[in-house]
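First up is the structure itself, then whatever we jot down about it.
Naming follows writing order (A, B, C, D, E and F), and every chain is counted from residue 1.
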Amino acid sequence: MTVEDISWEIKTDYTRHLAKKKMREDKRKPFEYRKIELENGYIPNALGSTRVRLGKTEVIAGVSLVMGTPYPDKLNAGTLMTSVELTPIASPMFESGPPRPNAVEYARVVDRGIRESGTLDFEKLCVTEGEEVWMVILDLHVLDYNGNLFDAFALAAISALLNTKMPKYEDGKVIREETKGKLSVQKKPVECTFFKIGDMLMLDPSLGEDKALDARLTVATVGDRICAMQKGGNGSFTMKEIDELVDMSFKKSKELTKLL
Amino acid sequence: MTVEDISWEIKTDYTRHLAKKKMREDKRKPFEYRKIELENGYIPNALGSTRVRLGKTEVIAGVSLVMGTPYPDKLNAGTLMTSVELTPIASPMFESGPPRPNAVEYARVVDRGIRESGTLDFEKLCVTEGEEVWMVILDLHVLDYNGNLFDAFALAAISALLNTKMPKYEDGKVIREETKGKLSVQKKPVECTFFKIGDMLMLDPSLGEDKALDARLTVATVGDRICAMQKGGNGSFTMKEIDELVDMSFKKSKELTKLL
Amino acid sequence: MTVEDISWEIKTDYTRHLAKKKMREDKRKPFEYRKIELENGYIPNALGSTRVRLGKTEVIAGVSLVMGTPYPDKLNAGTLMTSVELTPIASPMFESGPPRPNAVEYARVVDRGIRESGTLDFEKLCVTEGEEVWMVILDLHVLDYNGNLFDAFALAAISALLNTKMPKYEDGKVIREETKGKLSVQKKPVECTFFKIGDMLMLDPSLGEDKALDARLTVATVGDRICAMQKGGNGSFTMKEIDELVDMSFKKSKELTKLL
Amino acid sequence: MGMKSDLKLIKNGKRLDGRKPDELRPITIKAGVLDNANGSAYLEWGGNKVIAGVYGPRECLPRHRSSPYKAYLTYRYNMAPFSVDDRKRPGPDRRSTEISKISAEALERVIEVEKFPNTMINVFVEVLQADAGTRCAALTAAAVAAADAGLPMRDLIVSCAAGKIDDTVVLDLGKKEDNFGQADVPIAILPHSEEIVLLQMDGDLTKEEFKEAIDMSVKAAKQIYELQKKALTERFKKGGGKE
Amino acid sequence: MGMKSDLKLIKNGKRLDGRKPDELRPITIKAGVLDNANGSAYLEWGGNKVIAGVYGPRECLPRHRSSPYKAYLTYRYNMAPFSVDDRKRPGPDRRSTEISKISAEALERVIEVEKFPNTMINVFVEVLQADAGTRCAALTAAAVAAADAGLPMRDLIVSCAAGKIDDTVVLDLGKKEDNFGQADVPIAILPHSEEIVLLQMDGDLTKEEFKEAIDMSVKAAKQIYELQKKALTERFKKGGGKE
Amino acid sequence: MGMKSDLKLIKNGKRLDGRKPDELRPITIKAGVLDNANGSAYLEWGGNKVIAGVYGPRECLPRHRSSPYKAYLTYRYNMAPFSVDDRKRPGPDRRSTEISKISAEALERVIEVEKFPNTMINVFVEVLQADAGTRCAALTAAAVAAADAGLPMRDLIVSCAAGKIDDTVVLDLGKKEDNFGQADVPIAILPHSEEIVLLQMDGDLTKEEFKEAIDMSVKAAKQIYELQKKALTERFKKGGGKE
């Protein structure tokens, strides 16, 4: 046990103690998001990019478009790759090195939300069947980690895709300098992350709540449909709780969609 | 020194003590194999597969056939790759991670036995000279490690090759669903692993004997020819002992060949 | 702190103590190189090779020529790759494993000296524009590390390039056995590594001086031009000191060039 | 989820393999199949073949992972290279890393890790043959292996998936249903308390469809739980040791 | 340095972006921009956007790196995948490894590491957008972040490059000048003592040109130093915490 | 073993390089060639050039490898990238991993590791130029380097190979004989006791041919042993230090 471990133990006890009294350290209501700010085009070099601040959590999404070959089982479709870097600048808990399970989970849950909702028309991303297709690469970078990376990443991702310019492709060459319109984005999925401490259900965990939570549920929705879900944490949900959170996710997703 | 190390020290002393009196813990005679069971086609998804139980050691071999390019120095020949995974489910001694020297040695000794005996007609595996050849991939997986993986792997490998179906290859595509005959297998090499504790020579080391042995000798034979050998362990053999073991390997290999 | 750390601390104190009195352990003058020996063609298998001994430091450079594809932004030019292996045989300080920052720095500084001086005519190394170009691979290997690997590597590198034979290339095949003339080498850059302990400036650090130095400056020159520089170490140089060392580098580089 | 396709997955109320919408594929479970592992289980589920082994509580390595409050629990979901049609490269990929993470979190809910501070418990599941639904098969087997290892547990875990094909909610997707279907919802529950300890979803579902899928899985879980119990009972009758 | 090209980089004494030979691109610096890091700075320099964060002194991990004489100082220069036109693969490459090494050596000259034995101090710089001169921008930001962290320092560090294009020595190369120029000389100095703590050079320079380049950078460093001070002053006025 | 070929490897009882069947290629050995290593040896064998260096006994890292009964012995066989016609990528591959493993086991038989509990002894062999038979050349050099390091040893080790070409058993295969031959049997023996500490074989041999190959190698080993002794004698005459 390091000093830091002990300090987290104390904070966690306090967060749990508050939750028992239906309170949160930052005075938020159970289903209230922290302040959210989006800045599109933050990285002019990138074809698409968005910086998101969710309270003191700060992330950047950048979109690259690269010419590649299709998967053998989908010869007429482009591809999507989502990559998360938990850079150590963002938190004393992050370390340099290859992606850890946390980073993989963030990337896969965001990826699923976009992929399963039909946000991208992969067939439109095919240039020559079986040979040349656009690969959409979505890079998610965190600068300051203060809880709830799922929602921050997902929001940055869809917003960056929505403002992504299509480069020209001529004579086998991608010409980034000349763009022709925007990437075709057909849906606007968003993700809401709920959590449970003791019996209390809440939304948008802060850093302390991320460490203290028993169970976590991320729901990705688009309109009146669910397109992806992920439960995490060592605790559990009852079926009733999950129903309640799914209902709530439709409500809260409207707030998020307005920001796009 | 962990508790486990100490416990192994005691077991090793006992194994060595028995060997001095020409005895084995499981009452076997010096050149007696444990009970061997083969189950071909254990993995219906694989083109060829065999599960082998050698006493309480349990391994599976699976064969894949993939279209690839030939080596620049053998343009008219297919290729063979043998890979061993010592999965941690099989023993408290195995760890997750990249293959360790042990795994590499198992793979290379099994590979040599097959390759050097002329078991596969690599020229027949060539589809278009210099361009397309079949790559035979032999995956060896262990579920329970109780000594003598060399012989268990080698037996699973040759048996799996013998029951491997050739997929169809048409218009640049491998069609796994349709097979046309079997992989051409011309020989049936087997491997016998002997070992020495003190002055005593024995066959088929159990787990305890694997840890207690001074020296180990694996002999791969096919008919009346030797095709591969490998000595291991920190001890040594005299020339006379090696002669004796080579003679014995021709005898015991007949027993194994009968199982194929 | 290990025994070795403490022993180095004592040696370092002594080296620094000597430097204060303008002395060096091996009695050299400040700007005097240790004895340098070059042996070209040391590895007959390699197309070009040189062994360099600089005092008790011993390195080997080997040159390979491989047919490859050009970089997308230089379709009519061959390429150069410089790789350093700090093999653990050469020093108790080196460990097996992937290249560490030290090795990367050596490789990149040597590479820059050659690349920036125009030593290689990369356009001549193009066989078919956009498709086939020669890749020059320079492998630097150390057998005994006793200080100043920068200069030893750089000298071995340029000398090995100067004696590199061009293999024949016919019908899409490299024929190493038949060579046609030599690799075209247009310049002879050399590197001089200076260092500072306290206020004293010196050349060619021994092992002890490499560990005791405050700051290090490598200057690569060719004729009357500077083509690369690299400062290292936790200390600093004044502008006046750097001027003095640049002047000195032109003087000392003549000594080195004579050896080629 | 799936690729677009004209393939009809339901005809006359029956699925491609003849099952009804709420019907499981055949499942067999056997406990105590490995000699080295402290507990183990072999499970066949349709064409899936998985084997689970549990080691521990044992000395925690690396040391800095150990906790004074509970055992360090690891879960490794691993597909054998020959388990799928196109050979899988050995070693963990992103998919198996994610499955391992959420399965460990689910298991930690039932194994009483707080009884074994400063130790580790390692759960390994090998997928020998894959036929859709491997993560559920793996976790269902792992729970039996943990019980076979004699670890104190709050409950078992049963894992099962439901999904949507041809606009119909169905239980336990098969391989083609997985490839060409519209949604998949793997869950894991504790059979007694009906707590949900694992839940994923991908595809396209209305709220009602989602609820229907969960209900279907929860019902099926009871059936699977009976098979788990049976396997453990047979095992305890027979006594220890690999047969 | 650069590729051969017919591109004229200087016309009528002006550079492609209209700058005079000894003119810097616009620079803005802001201190205290991150919540988690003990000190931080955001810096824009032409089209470059970099953010620096400093952690420590804190417990040294791995332990064997700790020294009884000083803090173990690390520096990580990292380019975000989207910072350049052609996506950069995540993780360190040889170029960033070298930059990190020499930047750490430069910083160690000014941070009083000997005051914190047995600890470590970690400096991270993320290049969010790259536009030539990122290593100088990164180190200039890192010095501000270290000061913002309240670390005792002998001086600040200012880093800047000069180079040669069209046979003329110029300050602070832009992207095209970097690609098609003849030489580049990044340096870092301590603004008060004018000690040079980082120096690299590649290209083709006479002794006189080299001296001219250094002089130009040293002069520019004074300007940049004023911006660093301003950023820190504003920060201290406003007080702690991320705004 | 080899590729099929019409190449005749033996004509009129002579091999391609003029050797008789039981004739070694020329061998020269020199001890004490490195300054840093505690013991070292340089060996040329036909076109092979190898250099061996031994460090230790020294502090065992990582610690958990140390044993209270003996020194932890490591052996690293490494081919320099330029040692072969087609450049070898730096770092260990499967072949060198296997060679390192069995060579370490052979060396452990003669170095009295039990005299140095809790330490490690590291043997490094660099193959600078390869010309068939490198594993034998490497181990033969390593034994001399270990003796040069002053390590207590039960005996030296001599390694040598015999094989079959054109249906004839021959000693010490050259490069073409290795590529197009029928069998190769590298062994290592202790010259005094004639114990066999390393033995590999691949190809196609009858029992009689195998015996003939071993006999041939054992005889040759005596010759090589004389060269090892000579190298060490010269070394001890001259005294310590790299010349």
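Here, contacts are C-beta pairs under 8 Å (C-beta built on N, C-alpha and C of every residue); 3 or more make two chains touch, one makes a residue touch a chain.
Predicted, not measured: the structure shown is a model, and the values here were computed from it.
**Q** What chains touch chain C and also chain D?
**A** none
**Q** Matching over half of the contact pairs by residue number, can you pick out the copy of the C-F interface from B-D, C-E or B-F?
**A** Repeated interface of C-F: B-D.
**Q** Centre-to-centre on C-alpha atoms, which chain is most distant from chain B?
**A** Farthest by centroid: E.
**Q** So, what's the distance in Å between the C-alpha centres of chain C and chain B?
**A** 47
**Q** Calculate how many whole Å lie between the centre of chain A and the centre of chain D, each centre taken as the average of the chain's C-alpha atoms.
**A** The mean C-alpha positions of chain A and chain D differ by 26 Å.
**Q** Measuring from the mean C-alpha position of chain A to the mean C-alpha position of chain E, what distance in angstrom results?
**A** Comparing mean C-alpha positions, chain E is 31 Å from chain A.
**Q** Taking touching chains as linked, do they make an open path (line), a single closed cycle (ring), a hub with spokes (star), an all-linked set (complete), or other?
**A** ring
**Q** Moving around the ring in the sense set by going from chain B to chain D, list every chain once.
**A** Traced from chain B through chain D, the chains around the ring are B, D, A, E, C, F.
**Q** Could you pull out which chain D residues touch chain A in their complex?
**A** Residue list for chain D touching chain A: 1, 3, 68, 94-95, 97-98, 100-102, 105, 108-109, 185, 190, 193-207, 210-211, 214, 218.
**Q** In the complex formed with chain F, which residues of chain B make contact?
**A** 1, 73-74, 101-102, 104-105, 107-108, 112, 115-118, 217, 224-239, 242-243, 246-247, 250
**Q** Quick check: in the complex, which residue numbers of chain B touch chain D?
**A** Answer in residue numbers: 2-4, 42-46, 49, 56, 58, 60, 62-64, 66, 83, 85, 87-92, 96, 98, 137, 139, 141, 143-146, 176.
**Q** In the complex formed with chain A, which residues of chain E make contact?
**A** Touch residues, chain E against chain A: 34-37, 47, 49, 51-53, 55, 58-59, 76, 78, 80-85, 87, 90-92, 122, 124-126, 128-131, 242.
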